[in-house]
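Note that chain A is present in both complexes that follow, paired respectively with chain B and with chain C.
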Partner chain A sequence: MPIANHHSSVPVIVDEDKCIADKGCTVCIDVCPLDVLWINEDTGKAHMKYDECWYCMPCEADCPTDAVTVNIPYLLR
Partner chain B sequence: MKTYDDPELQAIATKLSSDDPGIRRVAVLELVDTGDPDAVELVIHALQDPDTHVRQEAAKVVDEFEAEDMADALIAALSDSDETVRNAAAHALADLKDPAAAEPLLQALETSTDSFVVSGILRALKPLRTQDAQRPALKRLADADAQVRREAVGVIGWLKQPENLPALVETAQHDADPEVRRAATGALVYANPSQVGQALIGLLADEHWQVRCEAANSIAKLEYQAAVSALITATSDDLWQVREKAVDALGKLGSVESIPVLGECAADAMSNLRKAAIGALGTIAHSDGRPYVVTALDDPDPDVRKLARWAISKLDAAA
Partner chain C sequence: MEINNIPVIDTDILVIGGGTAGPMAAVTAKEQNPDLNVMLLEKANVKRSGAISMGMDGLNNAVVPGHATPEQYVKEITIANDGIVHQPALMAYATRSFPMIEKLDSWGVHFQKDETGDYDMKKVHHLGTYVLPMPEGHNVKKILYRRLRRNRVQIENRYTATRLLKDPDGNIAGMIGVNTRTAEPIIIRAKAVIMATGAAGRLGLPTSGYLFGTYENPANNGDGHAMAYHAGADLANLECFQINPLLKDYNGPACAYVTGPLGGFTSNAFGERFIECDYWSGQMMLEFFKELESGTGPVFLKLDHLAEETIQEIETVLHTNERPSRGRFHEGRDVNYRQRMVEMHISEVGFCSGHSASGVWTDETGATTVPGLYCAGDMASVAHNYMLGAFVYGQICGESAVEFAKSRREPVLDEAFIQTELERIQAPMKRADGIPPEQMEYKVRRLVNDYLQPPKVTRKMEIGLERILAVREDLPQLCARDPHELLRAMEVQSIIDCAEMAARASLYRTESRWGLYHYRVDYPEQDDSEWFYHSRLFKDENGQMASGKRPVADYLVPLGDEKDAYRKMRVQKAANA
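After this line comes the complex of A and B, so read on.
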């Protein structure tokens, strides 16, 4: 039986064009209470490494460039 | 660029002289956490950065520092090409509340022509309550820009000088912009009721509802008893918002003769108005109002019922 291509998505999406983590910004990483945001070694941009999100939103609110979007699941809205 | 003893600050200073605006921007973000008074120079430097984002970021952090050290830079930032920077500078200036900032602000006011800058300076001058601001503020009451006139009214209102009352009354009655008229109407409350009472009664009939609301508020604050009949007329205004304020004012004035009108309002379809009417009847606490309050105990709106119970206790206490 063929295996389906594994598709996964995380609730915190970082717009890499806007993110300035490669310039030394760590605002979202610092505010995250669960420490689930990390710098992607390849791009130098922030990304969600572990999907343990509480949807608490400071990463989105504090991002200086509005690069972070938190997609709150429909049932939690 | 200057060197700093503090290695942390030096690191930020180095980043701030980077060619990459992104790195300069992040350096500004880090400035906030230094807590070093020397960092002010770097903020001023960043406020003059060629990159808009860096200036915006700097404008956001200015209130973390001693503003008097950068009053000049903030005033310069009021003429920034970017609106976010201008806004942040105006807000930071308004937060100064430092008498030392009055002098540079007044100088900048003298020479500024841009409306946005002028209103920012006036807003910053307002809480300083310096007498020297009176003359320029009075002059700006005739400015072509409504926002400038609005801020000028604020400055004059905070100065609370009786000699400015005629100018404020004139503005409240005849300014073309409703928000300016509203602000001036609200500013009249420092007067002696006899000086502005008649004007306030006239303003109860202003064409703009917010001015009418403000007039009722001001009458209540001044406790101008001669306005009772005008307020009673205002309780049949077209807009419930105005009626609500008029009813509030009648309550504050303790007007017994208005009780039948308040009773009508207590049966209005708009629950906010019923609430205000019951509140007023409770404040007046006259037995004539009791039947209306008793009826309101069964009001469909829980807020009205709650207030009715309070009003009953006031009536019982007064009996």
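After this line comes the complex of A and C, so read on.
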């Protein structure tokens, strides 16, 4: 059966200028309880790959360079 | 030893779930015997996993000498839970509650103290005083993590367990699972297993429609309930759903336990108090539900009458602890506690003994009905356990598991069973085409809302069960494109199991009990002559889901004159009002 790609605005935003994932940092990726943050293969920076967020904030709180912002998912806002 | 070219990992004690109870169980096992191999398996990362990933703002059921006795606590929780409790398990918690607070205190967890250095207890419950605030409770996970490292617990992050293993005699033998990033299977042989996988929090669908906007940490999706069921363990009182009063849409706790002692309260649309007590019980939730549906609804958290410094104190606690993004949520809607009451609603349904009383049946030693399998925290059946109960039962299970493992040799594994389970794990990624886990999950959780959410109606629940079973028929089409989707595909199978259990358990108990939690409209009365029992749910000898009754153990503490206290929850209006 055919599968469509689902377009979705995600709540976690990573400032690519501040993010140091390309230098080996994986803090936000490690602490996410839902494992939705991954390295973007094109940029080497962290990004939200799956829209499955509990807006719980360890990624933002633990980021060493303040690159991560957790917004409330649009459906709840 | 290898099975299917997969090396079998051996450990003495295996703990599944690294949130609250799990780390305590693992540390306790190592404290008992540092020579034991203790492995802690976590679906996420133990640094920030589980219900308290961002900390906790208080102990909700602390039994502190000078403020309450274990007997008073056991009595209050028995009354709050309409009599259906295993009092020996409550008593074990109540007597260990204070030593656990002192242990956590010595580890560096900060509890609020008064000017004399005594714990600053607050009254929130209907009868006694059990709430201990922790305004600086945001670092609990860091403290637990340090203890895990110091005690040399072996940690395996990003593995999800999928099935428990048993030996030919029916004793626990380990587990099988899968890496959530690589999809590589893992087989662990263990002499004793402790499960602490949290609530079944992805059962109902939040009103926002956002699958992961649940009350519970959505990593807690009922894997443990499903695995225990398939291993032949008894589950208890699953029809006693968890339904909590929450901030609407945000779906986090309104935190009446934090605001109540400072003068905040749950109100109706006219700013009037309508419940006597904000402690979460089924009876309280029923009054909440009635107000929500009435002409004086909806329901609000009222703080706008409080002094500026009090509101600042509340904001500091609520916006830094447990669910700190709530400040951001309010900001987005221009809601300020000083000017407006905050709209509340009821949560989606789930299984969670932390707040209600359902789960895998466990006695006062943490034992389930499967020898060598122990359960602690939100998934175990000990009523109203909250965070401190998870710690205490983590400790109890750690001790019991060490004792069980002591005289045991390496268990014999059932290779045919493992083979079948490996095929189940690998199936969704082998399909190039089919139904994505997200769609299947949305469908089954929407059915839970439509057909199982109280008020419960027999015919509706029968239709719901039929529809849930029809979703199960679609499983051969479940497909996953990557290891992450495979994780969700394994989870949705547990969610379907839990949905079926929720329907069958609710149909079995032909009475109403626990206020809103099991409010069954066509059996509106509580019927103690037929139903003063725990309900059992288990897999019978034919592999079918079956129900039964378990007698309530003799009370250690009689209820006396206060036995109906939680029935009088609604604020009485004066006759001339």
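Everything below uses one rule, namely that the second predicted complex is superposed on the first by the 64 of 77 C-alpha atoms of A that agree within 3 Å, B and C clash if a C-alpha of one lies under 4 Å from a C-alpha of the other, contacts with A are read in each partner's own complex, and residues count from 1 in each chain.
By our rule, a residue touches a chain if its C-beta (ideal position, glycine included) is under 8 Å from a C-beta of that chain, and two chains touch if they have at least 3 such contacts.
Quantities reported herein were computed from a predicted structural model and do not represent experimental measurements.
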First (chain B), second (chain C), both or neither touched by A:C25: first
Touched partner set for A:R77, first chain B, second chain C, both or neither: second
Touched partner set for A:P33, first chain B, second chain C, both or neither: second
Dominant toucher of chain A (residue count), chain B or chain C: C
Partner chain in contact with A:P58 - chain B first, chain C second, else both or neither: second
Overlap of chain C and chain B interfaces on chain A (superposed complexes): none
Parts of chain A lying in touch with chain C, wherever the complex brings them together: 1, 3, 30-35, 49-50, 52-58, 61-62, 70-73, 75-77
Contact set on chain B toward chain A in their complex: 15, 20, 22-23, 25-27, 29-30, 53, 57
Residue ranges of chain C touching chain A (in the complex, touch as defined): 44-45, 47-50, 53-54, 157-158, 180-181, 208-214, 217-219, 249-251, 323-325, 328-329, 332-333, 433-436, 484, 487-488
Chain A - residues contacting chain B, complex: 20, 22-25, 27, 64-65
